[in-house]
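What follows is chain A paired twice: with chain B in the first complex and chain C in the second.
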Partner chain A sequence: MITIKDLGFSYGDVPVLKNITMNLEEGRIYGLLGGNGVGKTTLLTLLCGLKKPQLGSIDIDGYAPYDRKPTFLADQYYLSDEVAAMNMKAADYAANYGKFWTGFDMGKFNEVMNVFEVDAQQKMNKMSFGQLKKTYIAFALACNTKYLFMDEPTNGLDIPSKAQFRKAVTRYTREDSVILISTHQVRDLENIIDPIIILDRQDVLLNASVAEVSERLYFDYTSERNPDALYCEMIPGGNIQVYLNQTGEDSKVNLEALFNTVHQHKELIKGIFNK
Partner chain B sequence: MKNDIFNFRRFGKYFATDLRICRANYGLSLMTISLLTPLVLYVIVATINQIMHNTWDGPDIGLRVFAFAVAMICMVVTMPVKCYGKITEKQYGSFWLTLPASRLEKFISMILMTCIIVPVSGALLYLGLDALICAFDHTCGQNLFAGGLDLLQKMGEANEVTLNLIDESITVEDATFAQEIIRQMNNPWMYIDEIFCFTLPFLLGAVFFRNGKTVKTFIALFAISTLTGMIMSPIMTDWALKLVENANDDPMGIFNNMFNNKLFKNLVLIDTVTDTVTNLALMAGIWFRIKTLKH
Partner chain C sequence: MEFNGNKSIYLQICDAICERILSGELAPDVRIMSVREYGAEIGVNPNTVMRAYEKLTNDGIIYNKRGIGYFISSDAAETVRASQRKEFLENELPEIIRKMKLLGLSPEECLQVNEK
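On to the complex of A and B.
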């Protein structure tokens, strides 16, 4: 389990994260949403040990990530949004580096590469950005780690690859793993992320499961406009409206609408979900 | 695998991977520097001799020693940036820092690769090709490897030469000092730490600066040398003046003064200690850079 307590981080005089406290539990795929510059990447890099917390603490199964102890590193993988085009074949890269992760499975790497339709015998510095990203995603999944942090993994992927990505993440990850995926493109990850974390400047606006969201908010897809709606957006064939769920009726959560609702009613949403 | 500081098995794995990555990143450059330099030098010099003197004469040992030194310098300057410079870039650096090996393992591997594996491999390739060229064309004279062995043998024999000078030009006491200096100069550590002292600044520059790594390293070295020169030159001048003092312009008097000078007597030792301290400081700099590197 990941325990984040009163975490604070700033770049010079500019605070990015302030008093962030939350627990991330095993067996979940967390979606980390937020606008530009709210600290999604910063939070991920703090979790994987690339940065040192300036305030507060992070505890991952008893390890402080910044200590970068090999035993801890062998059970986590961070997939950066920018990936390096190495001067070697993808298969050689996986064979060379995979052995450092105790759970690495070369068979799984080849399988995911096949799912993504990328040739593992191709040199990485000759690949397109999308192919390179898919190679790193395949490697990340093949590492079989308990903790997997992915920063904008669907950036640069074409439309079929996004579906392949969703399939691969649900199929090739451990049941007890904690996966944290940051993204701007919420539609790419709809149906696989649960719970949802929405970050705002220096604050966590929402950290709730899809079931909890559905329990407290109602997503209405009818064409009739409701004056009590917290958020309303025209979509082809009608509107999508979000209002407080007072009847307890289930509805399909729309991540984009949820994100915009949370941003427009920060205090109200925090109040509802922190009850 | 529970040891998070140093584990031989994990280090072995890491070192083997580091070796492969360095081969991928620097192998071609190493081959170019080591194999192309002696070949190009031979062809150019022989062609020039053919045109100018109408004889096919290869480069003499002096020119080949100079070319070898230049090639080694090029290797030492360019290798750390190509193999380890990327760790300051977000794309590769993030991966490198989170690669499951300990900081100490990564550090030791880096030092071994930069100070021993690459220079030795490059030198062996260069010397091997030089020996082949010399075997193929006897106009080049002795090959560099055999020349180096000769030099080592002569240094070993230098003690006897010093003893032969007794009664001719220097006293028994002076000869003992000279022998002591020769003994110190025959100590391999003196040369090993010289190599480290030359390679480590470029490794530190490669992992310290985010861009313009080689240029900034040269600027930093120039600044440090200037500063050291400014501090040391009055001391050295004073020392040199003391050697000349009371010698009455007699070369043998200066010679005797030198042998009786404490600083001169321990010159090699001072050089070794200074280099060792510098190397330790450079290694500490590399270690702390790796420790505090963030992305």
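On to the complex of A and C.
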């Protein structure tokens, strides 16, 4: 369990995160959404111990990440958006660096590399960006950590790999793991991320499961306009409209529409979800 | 698996399983995939699959053997058929009738075309 309390962080005198309070539970794949520059990457680097909280605290199973205790670091992995093209074969990289993670599984690394169709005997600095990214994703999954933080993992992946990634995130992770994936590519990760966290400048706008969202908001895909809609977007064949769920009927949550609805009605959304 | 429409994903998963029961592919007392296996198979969050399994359990279509997994109930096919008939008669048929009236089609005409 991750407990974040009143977390604050600034770069110089530019505040990025302010008063962030939330809990992340085991067995969940959290999706971290937010506009450019709201601090998604900053939050991830604070969680994995690369940065030190300036205000408030982070507690991960009794550890403060910035203490960087080896037992904590061995059970968590942070996959950065930017990955290093090492001058070595992927298989050698995995064999050498995997040693730092107690649960590292070379067999799993090779399996995921196969699924992604990347040759582990290839040198990393000879790979395309997408192949390199897939190598690091394979490595991240092979580390078998309880905590897995991924920053924009589907950036640079080709079309088949995006589907493979969605499957791999469930197939190759631990049942008790806490996974946090930041993304702008909500379509890449639709159906796999749940709960959804929406971060805004210095604030958490939403931290709710898809079930909770569909309980409170109704996503209407018919062509008839509803005057009470909080959000409306024309799509081929009709509209996506979002309104308060009065009838309790279930609908399919559309993440883009959810994100835009939350952005246009920040206080209202916070009000109906914080009960 | 292709998802579509207005229906939430967990209900679409329920539909897919019910269809495989009706076709006979999933016979009584057959074990279905675990929540995580199925989630990985179709690229969907395991918690969503769990919601689908919970609904199917409540509807008496599958049952849970603690620690072993989920199995198809012995009368699953009848249960599914009964509920889908009800759904068809109450929700789908009125829409078809509305459309037939709009197009001036008689039931006989429709049946004739269908028999060819």
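Miscellaneous remarks
We take it that the second predicted complex is superposed on the first by the 275 of 275 C-alpha atoms of A that agree within 3 Å, B and C clash if a C-alpha of one lies under 4 Å from a C-alpha of the other, contacts with A are read in each partner's own complex, and residues count from 1 in each chain.
One rule holds for everything that comes next: contacts are C-beta pairs under 8 Å (C-beta built on N, C-alpha and C of every residue); 3 or more make two chains touch, one makes a residue touch a chain.
Bear in mind the structure is a predicted one, so any value in this text is a computation, not a measurement.
When the shared chain is aligned, chain C comes close enough to touch A:175, but chain B does not.
Residue contacts after overlaying the shared chain place A:253 against chain C, while chain B stays out of touching range.
Once the two complexes are laid over each other on the shared chain, residue contacts for A:83 go to chain B alone; chain C is not touched. Look at A:48: by the touch rule set out above, it reaches chain B but stays clear of chain C. Contacts of A:131 after superposition: neither chain B nor chain C is touched. Of the two partner chains, neither chain B nor chain C is touched by A:207. Shared-chain residue A:241: touches no atom of chain B or chain C.
After overlaying the two complexes on the shared chain, residue contacts for A:183 are found with neither chain B nor chain C. Put simply, chain A touches chain C in their complex at residues 27-29, 163, 166-168, 170-171, 175, 191-194, 209-211, 214, 219-222, 250-253. On chain B, the positions that touch chain A within their shared complex are 1-2, 4, 7, 10, 13-14, 17, 20-21, 24-25, 86, 89-92, 94-95, 97-103, 105, 294-295. Partner chain A is touched in their complex by these residues of chain C: 3, 5-9, 11, 36, 39-41, 43-48, 51.
The part of chain A that touches chain B in the complex is made up of residues 45, 48-52, 68-71, 73-74, 76-78, 80, 82-84, 86-88, 96-97, 99-102.
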